[in-house]
Amino acid sequence: MRILFLGDVVGRTGRDAVVKRLPGLREQLRIDMAVVNAENASHGFGLSPEMARAFFAAGADVITLGNHAWDRKEIIPYIAETPRLLRPMNFPPGTPGAGSVVVVLRGGHRVLVMTVMGRLFMDALDCPFRATAVELSKHRIGVNCAAVIIDVHAEATSEKMAFGHSFDGQASLIVGTHTHCPSADHQILPGGTAFQSEVGMCGDYDSVIGMQKEVAAARFWRKMPGERLSPAEGECTLCGTFVEVDDITGLAKRIEPLRVGGRLSQTMPAV
Amino acid sequence: MRILFLGDVVGRTGRDAVVKRLPGLREQLRIDMAVVNAENASHGFGLSPEMARAFFAAGADVITLGNHAWDRKEIIPYIAETPRLLRPMNFPPGTPGAGSVVVVLRGGHRVLVMTVMGRLFMDALDCPFRATAVELSKHRIGVNCAAVIIDVHAEATSEKMAFGHSFDGQASLIVGTHTHCPSADHQILPGGTAFQSEVGMCGDYDSVIGMQKEVAAARFWRKMPGERLSPAEGECTLCGTFVEVDDITGLAKRIEPLRVGGRLSQTMPAV
Amino acid sequence: MRILFLGDVVGRTGRDAVVKRLPGLREQLRIDMAVVNAENASHGFGLSPEMARAFFAAGADVITLGNHAWDRKEIIPYIAETPRLLRPMNFPPGTPGAGSVVVVLRGGHRVLVMTVMGRLFMDALDCPFRATAVELSKHRIGVNCAAVIIDVHAEATSEKMAFGHSFDGQASLIVGTHTHCPSADHQILPGGTAFQSEVGMCGDYDSVIGMQKEVAAARFWRKMPGERLSPAEGECTLCGTFVEVDDITGLAKRIEPLRVGGRLSQTMPAV
Amino acid sequence: MRILFLGDVVGRTGRDAVVKRLPGLREQLRIDMAVVNAENASHGFGLSPEMARAFFAAGADVITLGNHAWDRKEIIPYIAETPRLLRPMNFPPGTPGAGSVVVVLRGGHRVLVMTVMGRLFMDALDCPFRATAVELSKHRIGVNCAAVIIDVHAEATSEKMAFGHSFDGQASLIVGTHTHCPSADHQILPGGTAFQSEVGMCGDYDSVIGMQKEVAAARFWRKMPGERLSPAEGECTLCGTFVEVDDITGLAKRIEPLRVGGRLSQTMPAV
């Protein structure tokens, strides 16, 4: 099985690039399963139902969100009826939506996708490690599901690496989101799980994490109310992670980053 | 001019790799100027004078430190007499050592190296942006110095990107340290400054930011005193950034990452 | 029923004062139930079993701990066999000890004591609000227990006040610990629960939260390793909260602060 | 000289109480100098020029602000022309307004008032300790000014106590603001400076730090966008600190808290 994970979509330039290029990427890389983190799609803050529909239509099997999940409030009723749109699993009980979903692919393969949010330098939440352990106790990779994909939406690399090792061997891919800067530490961990601490954003990299650089940088210099942050509008670099999964074990055979368009160095997984 | 910057050296595996490979890398890549961040060289915490001497002997022109600067107290008298060993410039007035140095290379070129520490999710310090602006007001790249290298030791990618744009055109290289995960966002910013939000560590990547994974991961699961953290001892991946600088302007012509040895995908700048 | 709650005991001066004065206070104020937070009893960091025994012998019915619970490791086996010694209830499952206990007083009255730790500006923990709601669902004040006492060990006054209102009417007393500065906001909330956002420490107030002032203050001026913090040794001010509880409802009839000895303004509940 | 300091005014109930009662308090307590922290006067967020004028008219000699300084943007031009309206002194250079002012009282006495903001659990700012030392180097209590009043707007009691001791003997009064819960640790420090770690708010204490309790408490239970916070509207408790200053030395002879109206226990300085 071949998996493509695209990181935080930021603003119009990110949305347009994902919608335009995802169909071709699916074909070119013979992707079986695509996941897109879209928490910043709407002007940098949240996701509208209409945008979610566009991503699904373009080939996203599952969409994940993070700390910006509720920035667009229209998403609340929509997520309640859209099982393939996920918010962090370790949000409090009673939160609308879910943090995991089992998707059945065309060939009948079952794939578990889940997302949790880290706590270091982030919001006060229930333990993402324990939440993940509970969820994984219900699914066995290579037994009752063909692949497991976990989006760990977190700030600190220490928490992400600790997470990766904690569930090494129980997932096909554990990939970080949230910092918007792609990491070059992709590897297959000793237990067989593909890991990358940060997939990076789909947005303009002549920016401050996707937002216009002058206004965003001024916030670090001054202690005054400034202009509203808005997304940078230059050409998007699509940042993603590609994983090839063993059909028997569900573990990873290969992980490669993908960076297409825009300012960053370009790379495509070998086909 | 050709610059090599190596990220946070962690523990024995990192030290040994730097000492063993830096001389060859200098030769192979025809490096004029090498900088090494060594804040985690001593069992993950700090740097001893003896280790610093070994790095200088192996070809480091300048060594930088970060939040772990003082973990080994012997460094305090040593830094006072070692101008090429830097601690963050925005530490309070009166702190031993300095945060910047002008190195004169064999050919007579003057190179300014400086390091500052970020504040987002880090210690309470004076403004790293203003400290940098003050320092840069005394040096003009392409006029009275041939190159400017800035190590921005920070947690948040937003602060690092804001920092890069704030001084774009005034430095040859602005490179982040501290998170220990190499980023793949290296680029030449519009004003001519080479930028990479994180160079990554020189350490074992089968770990939690260089430390043994079982003990480090347990800290995220439990709220109890655990075993002491100690560095992972597997093979080191040397993580670095290579920059080629224009001899006239001091701005960057090329930036490429370097990853040698260990678990991460290997890459070497083209010679 | 009459309850006395004494705040964080800091160092020798705090220990000596509690051991010396608690018996007399119990008698003078006709206390039925005394609780002591002792997380800083041992040189400012943690509690030894021997010290715990001394507090129990002096009249503490229950001892609570906070973020410093495990600073003295000998407490770990001891807490496992000492139900009246509590650590925060919202520590992860599997943590030694418990966060609540039902004490049966001489007259047969059952009193529930519990402690939780806040999350704002503190460690990543499970939700203290939900943990409390679960625990309180098993006990009904005025029905199957005569009083409920909750120690909310937290930094932010917003979290403490939110906690107080969330459980107003379900507890006799909700009192904050951890900041070491007694608050003057004691009141009976509309639902009948006595509330004080911070009881204050039992320690020397010519200090920085109980620790010697020169060394502790220097940490705010400098970014260098300094001398070890150690407790200030001047005369202790015992800081406590006194509550009189209605025998039928278990709700509060009166709340008064107590400050005895040392530098702070002196106050004793009317008898 | 007699000083009255009133803590963070929250919303309409706080504004109305200050405007209505300050004139009488000045007279009754024979106040020479009144300072009011008003950062939450406008619906809990910021201060409008019109409200500032009302406080000045009611007898405030100086008004201080804190982290909410700029929540109402109309205050920016107004502060630039209003020397007696202060924002934290350790905001970055170039910030409108000032952080200190020397007020000349009717009898000719000069009083220095200043305010700084803490950094622990707060924004990244320049060092409040060093900023204060620089300012105090220009003024000598008992020599060229009759009194010095410092508002330390901070979260952590450790930072506030460290601040108090650092400048003990150089100020008449050092009083904390920001947490909105009055402390009962008022004392005259060994060097002669009156100190109280937190003056408390002027607002409704049936609330979460002055805001309506249901909405504010829900934020600790849930991870969802909720209703807007708005100030509680019950009866205000005016919380203040009264200090009597020695006419020769400028140091404190007496410090007493003041709590008038509303739910908290009532106390008035002896006349």
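General remarks:
Order of writing sets the chain letters: A, B, C and D. Residues in each chain are counted from 1.
In this section, a contact is a pair of C-beta atoms (placed from the backbone, for glycine too) under 8 Å apart; a residue touches a chain by one contact, two chains touch by 3 or more.
To keep track of the chains, here are their UniProt names: A, B, C, D = YmdB family metallophosphoesterase.
All values derive from a computational prediction rather than experimental measurement.
In summary, the pair chain B and chain D forms a contact in which both copies contribute largely the same residue numbers, shared numbers making up over half of all those used. Annotation, chain A versus chain B: rotation angle of 180 degrees from the Cα superposition, expressed as a multiple of 5.
Taking each chain's centre as the mean of its C-alpha atoms, chain A lies 29 Å from chain B. Averaging Cα coordinates per chain places chain A and chain D 46 Å apart. Along chain C, residues 92, 125, 127, 130, 221 each make contact with two or more other chains. Residues 70-71, 73, 76, 91-92, 94-96, 123, 125, 221-225 of chain A are the ones that touch chain D when the two sit in their complex. Only residues 92-93, 119-120, 124-127, 130 of chain A touch chain C when the two sit together in their complex.
Those residues of chain B that touch chain A in the complex are listed here as 121, 127, 129-130, 155-163, 165-166, 179-187, 189-190, 197-198, 200, 205-209, 213-214, 216-217, 219-221, 257, 259, 263-265.
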